[in-house]
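Order of writing sets the labels: A, B, C and D. Residues in every chain begin at 1.
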Amino acid sequence: MKKIQFADQKQEFNKRPSKIGRRSLSRSISQSSTDSYSSAASYTDSSDDETSPRDKQQKNSKGNGDFCIKNIKQADFGRREIEIAEQEMPALMALRKRAQGEKPLAGAKVVGCTHITAQTAVLMETLSALGAQCRWAACNIYSTQNEVAAALAEGGFSVFAWKGESEDDFWWCIDRCVNVEGWQPNMILDDGGDLTHWIYKKYPNMFKKIKGIVEESVTGVHRLYQLSKAGKLCVPAMNVNDSVTKQKFDNLYCCRESILDGLKRTTDVMFGGKQVVVCGYGEVGKGCCAALKAMGSIVYVTEIDPICALQACMDGFRLVKLNEVIRQVDIVITCTGNKNVVVREYLDRMKNGCIVCNMGHSNTEIDVASLRTPELTWERVRSQVDHVIWPDGKRIVLLAEGRLLNLSCSTVPTFVLSITATTQALALIELYNAPEGRYKQDVYLLPKKMGKRWRGGKSRCDSMSMWPAYICLHSTHISQS
Amino acid sequence: MKKIQFADQKQEFNKRPSKIGRRSLSRSISQSSTDSYSSAASYTDSSDDETSPRDKQQKNSKGNGDFCIKNIKQADFGRREIEIAEQEMPALMALRKRAQGEKPLAGAKVVGCTHITAQTAVLMETLSALGAQCRWAACNIYSTQNEVAAALAEGGFSVFAWKGESEDDFWWCIDRCVNVEGWQPNMILDDGGDLTHWIYKKYPNMFKKIKGIVEESVTGVHRLYQLSKAGKLCVPAMNVNDSVTKQKFDNLYCCRESILDGLKRTTDVMFGGKQVVVCGYGEVGKGCCAALKAMGSIVYVTEIDPICALQACMDGFRLVKLNEVIRQVDIVITCTGNKNVVVREYLDRMKNGCIVCNMGHSNTEIDVASLRTPELTWERVRSQVDHVIWPDGKRIVLLAEGRLLNLSCSTVPTFVLSITATTQALALIELYNAPEGRYKQDVYLLPKKMGKRWRGGKSRCDSMSMWPAYICLHSTHISQS
Amino acid sequence: MKKIQFADQKQEFNKRPSKIGRRSLSRSISQSSTDSYSSAASYTDSSDDETSPRDKQQKNSKGNGDFCIKNIKQADFGRREIEIAEQEMPALMALRKRAQGEKPLAGAKVVGCTHITAQTAVLMETLSALGAQCRWAACNIYSTQNEVAAALAEGGFSVFAWKGESEDDFWWCIDRCVNVEGWQPNMILDDGGDLTHWIYKKYPNMFKKIKGIVEESVTGVHRLYQLSKAGKLCVPAMNVNDSVTKQKFDNLYCCRESILDGLKRTTDVMFGGKQVVVCGYGEVGKGCCAALKAMGSIVYVTEIDPICALQACMDGFRLVKLNEVIRQVDIVITCTGNKNVVVREYLDRMKNGCIVCNMGHSNTEIDVASLRTPELTWERVRSQVDHVIWPDGKRIVLLAEGRLLNLSCSTVPTFVLSITATTQALALIELYNAPEGRYKQDVYLLPKKMGKRWRGGKSRCDSMSMWPAYICLHSTHISQS
Amino acid sequence: MKKIQFADQKQEFNKRPSKIGRRSLSRSISQSSTDSYSSAASYTDSSDDETSPRDKQQKNSKGNGDFCIKNIKQADFGRREIEIAEQEMPALMALRKRAQGEKPLAGAKVVGCTHITAQTAVLMETLSALGAQCRWAACNIYSTQNEVAAALAEGGFSVFAWKGESEDDFWWCIDRCVNVEGWQPNMILDDGGDLTHWIYKKYPNMFKKIKGIVEESVTGVHRLYQLSKAGKLCVPAMNVNDSVTKQKFDNLYCCRESILDGLKRTTDVMFGGKQVVVCGYGEVGKGCCAALKAMGSIVYVTEIDPICALQACMDGFRLVKLNEVIRQVDIVITCTGNKNVVVREYLDRMKNGCIVCNMGHSNTEIDVASLRTPELTWERVRSQVDHVIWPDGKRIVLLAEGRLLNLSCSTVPTFVLSITATTQALALIELYNAPEGRYKQDVYLLPKKMGKRWRGGKSRCDSMSMWPAYICLHSTHISQS
């Protein structure tokens, strides 16, 4: 029944381009990460029995059975994954250590709905160390790392998630998180807005006890702003997505590395001496250009925004129209955020062997549809790599069918995820501890100053939105050298 | 009488730290530019008679005498200076060409008060080409390039300015610009707010005809916001100082070059292999670090803002406390905007030969006062270079007595000034052409969209604040290649 | 019988460290390239029958059966591999086009023994286009790409090679190349010296007709110098290994990219902000340092050679003793060429999570043996990635068990192989066309000037050793833009 | 009489292009260094009396009068110059400290003929500290820093040199160095070969006691090789000019900085966004390209040597023919070592305002003569800066009339001179201590291993040619951090 009730909505949700943004940093759905730790674990799943987790009765070693996951026996393997992740999440570990005495989340009952990965586990265990109780579901039906879920369940967390949930399972899991006897959440941590949505639909009264919502995704934030505009937002919400640190890491710093990684893993191309055109000089474009320039590529930039164009120019990149260089370049990279930047006309004029890929925010920058015509032959030469062959034998090398290269063909470093996770933790702390009336029923960015309760005035850095960075730096650099 | 009336005010004005900001890009007051074109001209002044311009009667070759300058005979030399400047002001020249047919400033009567330099002349002649009438005074008693003023006068501009004005001269010149029979300004272009202030005090009724004020400096903008707050601003004003292009050019791009230039001209130091600590990683610090890193220096950064610290870190600079590296570095550069960053304690611990300089926004980052003690010997070894010698013979090399290195020991490229001048021109066009009511009696940043009148809908780039950049790029790069 | 005769020798050969050098650029043995084109092909092998190629009778589509390979039916797949490789071998393709009219190898009978890969196929087909007849065996029992061998056989080449040859097969294949009725080689192209060795042992009289040997590997060149010293070299030989272009590409340019690629594929580490120590600042170290610096790492260098140390210093890297930074670095990279650079003492002091890898010329730079003690636990977390765990829980991440990271965990771009292949082709042309007496029975580097016969005086660039570079540039850059 | 005897020779000498090389690192003749320490001193000369030093009788404070200089009273000022220089000559100071106990030059009687600058003084005082006696003359009639000569004389050195010697004075000074009663040199340190030449001509018997010659300049080394070829070299000689460290510093590292410095001081041009073509990608071109790229210029390279071209390409610079880009570039820099690289045809096609300068090894790369035609107007706008104006008003900006920019318009860092001076000192030590017969009557590069006597086996770095680098690093970096 639930299934029918929410199916449309879910489908509609899947169509939104922002869905891509939401999923963006999930390592587990990266198709290229087939040799990652997680997939190693996932592989063992295939030898698992096919019984639905909902039909199994499992308990952890302490006899606790308040969870629903694939296989509790994978807990050890999951624990190692978590330990590995901890090493690249210094900010979160520092926060755990620093705030552990004060327990700023004592009494907090957090219900969460995010990707269930090793990185999330580090976040959850941090929240727990700071005093919170947690119940958790997955925000994506494919992205759960089963072994991590097992380790969390073994550690006493009420987790309801597995890889390959059905639509019905998805909502069932969320419901199991919130619909509990004798336990009512007072904080929401959401990624995509499904959990928030569910509570609105099914348990609106719960909001009376809820102190706030922390939301990470573009989509979820968008929903919250709509609710707020419509006067329907009934608790304060924190928009984590638009924090400076997150933006810089997700775009500039992350793409500077993933453009190289994505191209190498798919094509083994040598960068030195190659001519490359990068379409768009926003943060993503800046990262791509800097990396390729450093590797010895000759980089051209197209840009219609004059401020960005000026920056490209002052950074030493020659500004061109795509038109001018399309015949001579070896690699074409789109990161404009616009549609149909690379159209069939340009594809027709590229030279033999030209590599075409997209680093932008959608899969419409390259007009891939225009290549699906009878006179062109498609050849899949590797996972994520297609050769499109013209009648005269010319081939272009299309990566990830025009979808995001860095998500499809690269991995997201744990360090990047660490920034977001730390920001989420701080947002929970802030909302939970804020004095009555500090936050209205509106959407907020992280405030410049943290509340006093947990901060204790000890630090000279009292800008909350800066904490993740500070903590991160502190632990990796200042204190260790 | 006027003299007495305004002296206090002027003095007070001179004390403000923001005065430095206001003067910041004036090439003519740079003490290091003693071999610049302008100074060549200025040199000939010394052989001039000492009669005050106010006491001389001069006419240009067409018989026009509505100006007051040092010596009309220098016009030819000034003309060459202007022609040279034109070559590095592509944006302004492009605007001149592009808008000349439409004459978007037809009917405009602009009274201006800025540094009178070759770059300003290019601006004034552009305004004239676009249809405006101009009367002009200097915003600084020392910064006028006499030969440029002569060329302007010869070209028919009513200029009232010379190098070495007295306080009284200063206000007299401004008054001569506005207090004319049969001519009343309808636009103000100000740099520092003195002109605006004068009209407020003396001719408040003029504001009835004035369509707006364009103000460039930090100080002047500050005054405008105060007027606005007090409800006393009676026309719209444009804040040019805070446009993105100006900020990027004045700080990041300009400092990236001037840190090297300033250090070389004063010390001839070799950058390769030197250990340098840069205090502060804002735009100025980013520019300094990038330049020195590229020259082979080993660069450390101190930073208390965690976001900036994180950026330094991700850009590959080791974050330190000044404390940790002060004994080993060869060069110390401050650009924090704070006071007493380099205090005596640090100066005491520097190694022999360490170079200390300031690129920040004031002259208080290095505690120079603390070095004026009996046990230390000061030796002036070059213009702008002092050796401070400890009893044990250790010397540190202090540049510009802790004032801004890039203003004292380097020059500001015309190209940078070009960006500001173009923005000023666009701001005048916008305010002059804006439909009634578009702008209230408030301070505005440049709007995202230009008014239609002069734009004519021809360009696909209709973001006004982006025009300077666009025009600049267009002419230097896109169209020429 | 042959088997017994040569077994010792082969084994001894395998023990030499230079064997690693010899194999160095073979993509097919890279364990990380499991998703490469070649491995895709190799995968289909597993479904092949297990009959030895020696026991099969195969013919190509023209009825020719003078070859011995795994499966002629894979020819189409192999052809595609070759076509893909052609796109990244512009120098060779340009040489093919340029010299095709002159046929500088008309009459040449080349017997070759190299890795049989798509890149080699492009070389062989180029030699053929220039007029040569070729017979070919593999220089390594594992490195043959069966589908490429099939495409060559289908194209009429006499190839004797398959993946997974036995020792006996290895020598049998070489023998089949040289021991033919009615065909006697007059040129040798060798990689490792096994083919040369075989002819010396079995058919010494053949040298009467042989005009020269072209040898690529460190090992083979070493053998030739020994022969020469002993007065036993009976034909001229060209040492391709030590040409400038090969050295620059194999080391500086290749490592600049493969250090990033190798680290990312194995650890997904984020480079930005990481502290890295690179041991050794030769060409390999220079490449590693430049790449990591560009990605935002903070890089330290250890170096005992003062000239290299000075270069590191002038390039902006802080020189340290390993000792000073070992506790704080996140990544340790060796490329000194020495033994025991990273010893147990250092490993004991590294911080938790430190990544340790080797880019140098042997597998002895990291004292891996010292880690095989009872108190340490080894955990294989991925292919090529081991966690070594101390009793207190500290883990270090050891890559490729201390073997060469770029060979084990990265791929070699075709473009790099292209440089070597072009040099080999030019060396063959030079030796084959040199006038009687130009080359004695000695080992030569490529001469500065090419013989006239094939050059035809058309080019203004007559330095032969520079041809590969010139041709390469010509086709990728000058002519296409 | 002497005057007549040697005049021709001297004149001829002046015509040689290598003269430029010889003078290359003399700061005192840099026309741009008019505000340097030295010139400050020189300025005071103008107020000096005009009596020739040869006609004055001066004594130092200890009563010693065995010298001939401008004015002994300037000694204090000269001492400060020397102390300042010491700070940027760490290698030499380290050598002084290290070898002082052993006195490896005890008994050495060194006659020297070099530029008399602060840097030379540091060298001379080092030689003295190591046990040598020194007598010194100037190798150039203009380059002597009088105040430094005074400080040396005051310190007891027999110096014969002043700024503005006549031809006759020049040889008289040299003669005074060698022609002394009761003192005969056993070592020669020469820069240009004039001293060596003089002894050959006048006192050939002196060579019986001379253990060796150390020569720095291209010219002098050339003369020595000619002598050697002719069988006339009668003592061993060390070629310091071709040591690796000297080459790297004089070219790559020095030009990387001086290209920026030279352009800024002359034109104040902003580098960011400028299009630049660099002709030639040798060490000088590499330095120029790296620096300009880092400042945000868009850099093109022309190169005919394929190896260098390939390096340019792999370093990310677009290879072009000058032809292709001459209309669009803002700056043209030559560093090919060839003649007529930039000919009139190209100059005719440059755009208005294009800056043209030369960093190569002669003044013939730009065909300046072709610009001296009636239709073109020359305008000297600053020292070293000419505007050449075409009939249509187009101007090009020609720097230093096509002579070396870095010598004419920049300064040479003391640090660079330090490398050479240290090498000279080591060469003296080696030749003086070498066992009988180690060096024949030939020209040598610095040997890989130092003789044992002074080395004492204490250092682990026993490669002599590497010492300067090692010592330099040691003192600036390793030991201070």
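Rule of thumb we're sticking to: a contact is a pair of C-beta atoms (placed from the backbone, for glycine too) under 8 Å apart; a residue touches a chain by one contact, two chains touch by 3 or more.
By chain, UniProt protein names: A, B, C, D = Adenosylhomocysteinase like 2b.
Worth saying up front: this structure is predicted, and the values here are computed from it rather than measured.
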For the chain pairs A-C and A-B, which is connected through the larger number of C-beta pairs in contact? A-C
Using C-alpha centres only, name the chain that sits farthest from subunit A. D
Can you compute the centre-to-centre distance for subunit A and subunit C, using the mean CA position of each chain? Integer Å is fine. 40
Just give me the whole-number Å value for how far the CA centre of subunit A lies from that of subunit B. 44
Overlap residues in subunit D, where contacts from two or more other chains coincide: 253, 272-273, 275, 295-296, 310, 313-314, 318, 476-477, 481
In the complex, go through subunit D and note every residue touching subunit A. 272-273, 275, 293, 295-299, 310, 313-318
Complex contacts: residues of subunit D adjacent to subunit B: 27, 33, 35-37, 40, 80, 84, 87-88, 253-254, 256-257, 260-261, 264-265, 268-273, 275, 290-291, 294-296, 327-328, 330, 351-353, 379, 381-383, 387, 395, 410-416, 476-477, 480-481
In their complex, what parts of subunit C are in touch with subunit D? 244-245, 248, 253, 304-307, 309-311, 313-314, 318-321, 460-461, 463, 466-467, 469-470, 472-473, 476-478, 481
